[in-house]
Amino acid sequence: MLTDPVNPSMQSRLEVRGLHLWRGEHHLLRGISFTLSGGELLQVKGQNGVGKTSLLRCVAGLLPAESGECLWNGVEARLAAAQFNQSLLYLGHSNALKQDLTALENLVFTLGLKRTVSDSDCQQALSRVGIPQCAELPVRVLSAGQRRRVALAQLAMSEAPLWVLDEPITNLDVQGITMLEGLLAEHLARGGAVVSAAHQPLLAGHPGNRELVLN
Amino acid sequence: MLTDPVNPSMQSRLEVRGLHLWRGEHHLLRGISFTLSGGELLQVKGQNGVGKTSLLRCVAGLLPAESGECLWNGVEARLAAAQFNQSLLYLGHSNALKQDLTALENLVFTLGLKRTVSDSDCQQALSRVGIPQCAELPVRVLSAGQRRRVALAQLAMSEAPLWVLDEPITNLDVQGITMLEGLLAEHLARGGAVVSAAHQPLLAGHPGNRELVLN
Amino acid sequence: MNWVWFHKLASPPTAYAFARALRPWLFWPAALMMIWASYAGLFVVPPDYQQQDAFRIIFVHVPAASLSLLVYSMMAIAAGIGLIWRMKLAHAVAAACVLPGAVFTVLALATGAIWGKPMWGAWWAWDPRLTTELILLFMYLGYMALRASFDDIGRADRASAVLALVGLVNIPIIKYSVVWWNSLHQGQTLSLFGKSAIDPSMVTPLLVMLLAFLMFFGALLCDGLCAQILRRERNAQWLLKQVQ
Amino acid sequence: MSVNSQSLSPFSLAALILRRDLHLAARRWDQVLQPLVFFVVVITLFPLAISPELSELRRIAPGILWVAAMLASLLAADALFRPDVEDGVMEQWVLSGQPLAWLLLAKTAGHWLLTGLPLVLVTPLVATGLGVSSEHWLLMFSTLAVGTALLSVLGAIGAALTVGLRRGNMLMALMVLPLEMPVLIFGARAMDMGLHGEAVTGPLSLLAAMLLLSLVLGPFAMAAAIRISIE
Amino acid sequence: MSVNSQSLSPFSLAALILRRDLHLAARRWDQVLQPLVFFVVVITLFPLAISPELSELRRIAPGILWVAAMLASLLAADALFRPDVEDGVMEQWVLSGQPLAWLLLAKTAGHWLLTGLPLVLVTPLVATGLGVSSEHWLLMFSTLAVGTALLSVLGAIGAALTVGLRRGNMLMALMVLPLEMPVLIFGARAMDMGLHGEAVTGPLSLLAAMLLLSLVLGPFAMAAAIRISIE
């Protein structure tokens, strides 16, 4: 399903202009601007509490900004929310999994909201992220890293051109990080764009690799 | 408060013998044994889901093992639970913070259960972990890394000889990791012992550094 | 005192074999006694001068009601033993008790309701005894719901044991509700040692029926216990050997 | 690489959500029974606390039934969105690009099927216990069916508003109970009139009209509330 | 480096826990008021649903008060341990090396102070609304004070048992309501007898004896349940 050839004519262009955000008494984001095109990975860095998560949530439209705008393919995301959301995949600090459903069911029901998916696709995605044996286990019994992998399995099936990931490597082991980097590289090669908050560099040396340091 | 000189006569000796644990249909831990003395840091490694968290919870006494024993200074920990708990500091995957209390209050009320603490001690500990400015903020507005630091501030004030830490560096930035390593080194120098689950090496090259790889 | 026999009996393979062996010795005598007591109750005992033939349901009602209380107490005691001495077999016994206990409670309620219609003119009245018996049913249901809510059988055992022990406090209230409140329901009529308040010709069949119910419950308990042991020990060597 | 534009039909979306909730319910069937058992237990409390006499109970039966139904639906409503919000699934729904109001309506419908309907079905049993005769069952069915559906929608709005708050169920009770007051009044009135042999079309059609209105407007209120709650 | 052996006194421990809960309550004062408001709202439902006549209300007043108190305490109990277990604080309590039963008893006492006591204090007000005259206030105070304390302990046991389960509050209702039945029976009976001018020492001392028993044994049940729940 993910075998489409690279399609450079595909539009995936995110533009953030002069984003300002206050949290409490704190002027957290002071005029953040960047542009991101297909094939690029933007890594948002900065100390704990500098505002990475807040920035990502603003971009995803979960947190209203004080001022500034966020354009997707030239259209303000806020105004075409449904369309923008169709092109977006957001993974936050939490994994967004139902503890009582199995890993497989979680995937089916989450992805099913965006498009038609089959169980076998999801099973394949779980194999891709290295936990095929967990498909039938309820998420509540999985380990921290296994839960993270279930959440990341969405990436293996996603057709959304923009991925917004908040510290995706949390709780992952070394193989897990390599696996994630593989997913990211494929996505970039397909012309997708990624915004990721991370304390450790991902895909070091990749041509599309860019950095945004907050402070 | 933590200025006692190194006291090699102090007893801190953890001995785990033939620990077996089942989770569901899964024989997770198959006869784990190790011994740890004061000044040593045991890093438990292994892939996601291999049983690191389960091992740590068994050692802390939160999860009853199928068979095997866990001796603290030669006494079975399960039988002298109150005493063992007084010598133990456990930090799990979750930070054990109340969202509605400030960082300072959280520290005071958590540590107050073990001994008498003053506000200024706690304020100092928060400075030690690099977030003095967060002392009066409710934890719910803190960033993921800041929350982790509040939890770690307990380490800066702990008099317990045994620390059991589950992936302590989660969500920490680079300075945060350095800070944590400093705390660990001090603790080891004082003759304390640490069991830690981690995917990244901590205190590489430290003489007391030991490894337990599960698989 | 030598406890070896006890530990031996408490080991799953022995308990399994023991329960399997014991079951027919409980079941068949119980069946025979039930047949005899039913015959005696339906045809031999003369009709009551007040209730005519309606009273004959007593032969099901009283044993079922007595057992509903007894089984709960047994369950709580077994659970307590399991909790304090960490004995898995005791937990298995408690788990095997709950379903028969709930069924006896339902049976007592149903037969009582059927009997109530001719006697009091209503299926149901909010009488202390009836209401507390209904509460007993809720207690069984709560116990089952709690048990079913845990994935892990060990946790389910211990959590439900705590509940069963706490609920034990209610049993005397149910048992003595007729004594404490004036009630529509019959008071204490049977008495093992003193003189019973009912016609002696009824007493023998009733006592036999009671014993039959007790042994029948014993057989059910053996079945339930075997099922529990099979479930809990499905990975154990001795079971695999037995299957092969 | 392009967005899969073959969009899902509203019905398949609703089916997906219902299917998911039924899955979850099957996994925890005990929890599905709980509002029902709560309803029955609360009703049992009254004869214990007030008076065991059937003649008196019969007079207050509609009131007891409605208060119990309201409380059961209120308690059940707390679990309507909270789990999904807490584990982050609701965030994904908001970002799914599908009409949120529709998703939430489907979820509320599933909720009623699982918690409201069983309550309606068990009414004859408890009504008998309270001394109501069987000729009035149809009346009880119809009023309670409309009423519980209405309570589900109102409860869902309250749940959506309070889901962002910890320990929100008390707050929800406070917000929702006044909203539900009219349901209680008209519902109990319809039942009472019916029990006395009067025509019930008046209050019943009022209830039905309120249900329609809440079905049309409620989902938008829920969607707006959810967006605020997860901010 | 040695373990600080100067141990904390049980009273300073209890004070610490009470202080913490008061802090938390002050931060969310709206939630502290909730059981109280719920109690009042449930009581106002009855005149709406049943009949506004004082003579009739007066007769069922004890029953209504007790059912409302029981439901309010039940709802409040759900939030007793859940937050602490979910954010991992309870784990730290278990590992603190202090007697867990004592910590939990202190927490339950704080819970009663914050949710049970206000309810007792507001009783005269609502009782007046139900047509009970002021000479009976002392009776209401004393029965409800003992009764709500007992309900708090029983609710706490139920909460400790269900806290490891998601959406446990219905399950808790199912488990705890039957256990609380005797409280309801004796409480309503005491009140009823008092309102009719009879001596209430019998049921009241029974309630008090039950409270003592539950205070002695309850904390151990809670501690055992909590250990199982966080496993």
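By letter and in written order, the chains are A, B, C, D and E; residue numbering begins at 1 in each of them.
Operating definition for what follows: a residue touches a chain if its C-beta (ideal position, glycine included) is under 8 Å from a C-beta of that chain, and two chains touch if they have at least 3 such contacts.
Keep in mind that what you see is a predicted model, and the values were worked out from it rather than measured.
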| item | value |
| --- | --- |
| Pair of chains whose C-beta contact count is the highest in the structure | D-E |
| From subunit B, the most remote chain by mean C-alpha position | C |
| Subunit A and subunit B, separation of their C-alpha mean positions in angstrom | 31 |
| Length of the line joining the C-alpha centres of subunit B and subunit C, rounded to whole Å | 49 |
| Between subunit E and subunit B, distance of the C-alpha-averaged centres to the nearest whole Å | 36 |
| Junction residues of subunit E - those touching two or more other chains | 28, 83, 166, 171, 174, 177-178, 181, 185, 231 |
| Multi-partner residues of subunit A (at least 2 other chains) | 99-100, 138, 141 |
| For subunit C, residues that touch 2 or more chains besides their own | 135, 138, 141, 145, 149, 151-152 |
| Complex interface listing, subunit D residues touching subunit E | 28, 30-31, 34-35, 37-38, 41-42, 45-46, 48-51, 60, 62-64, 66-67, 70-71, 75-76, 78-79, 82-83, 166-167, 169-171, 173-174, 177-178, 181, 184-185, 188 |
| Parts of subunit D lying in touch with subunit A, wherever the complex brings them together | 1-4, 6, 8, 12-13, 16, 20, 23-24, 27-28, 83-84, 87-89, 91-99, 103, 230-231 |
| For the subunit A and subunit B complex, residues of the former touching the latter | 23-24, 46-53, 93, 130-131, 134, 137, 141-146, 148-149, 167, 170-176, 199 |
| Subunit D partner contacts - residues on subunit A that touch it in the complex | 4, 7, 10, 12, 60-64, 81-88, 90, 92, 94-101, 105, 109-110, 112-116, 138, 159-161, 190-192 |
| Touching residues (chain side subunit E, partner subunit C) in the complex | 154, 157, 161-162, 164-165, 168, 171, 174-175, 177-179, 181-182, 185, 213, 221, 224-225, 228-229, 231 |
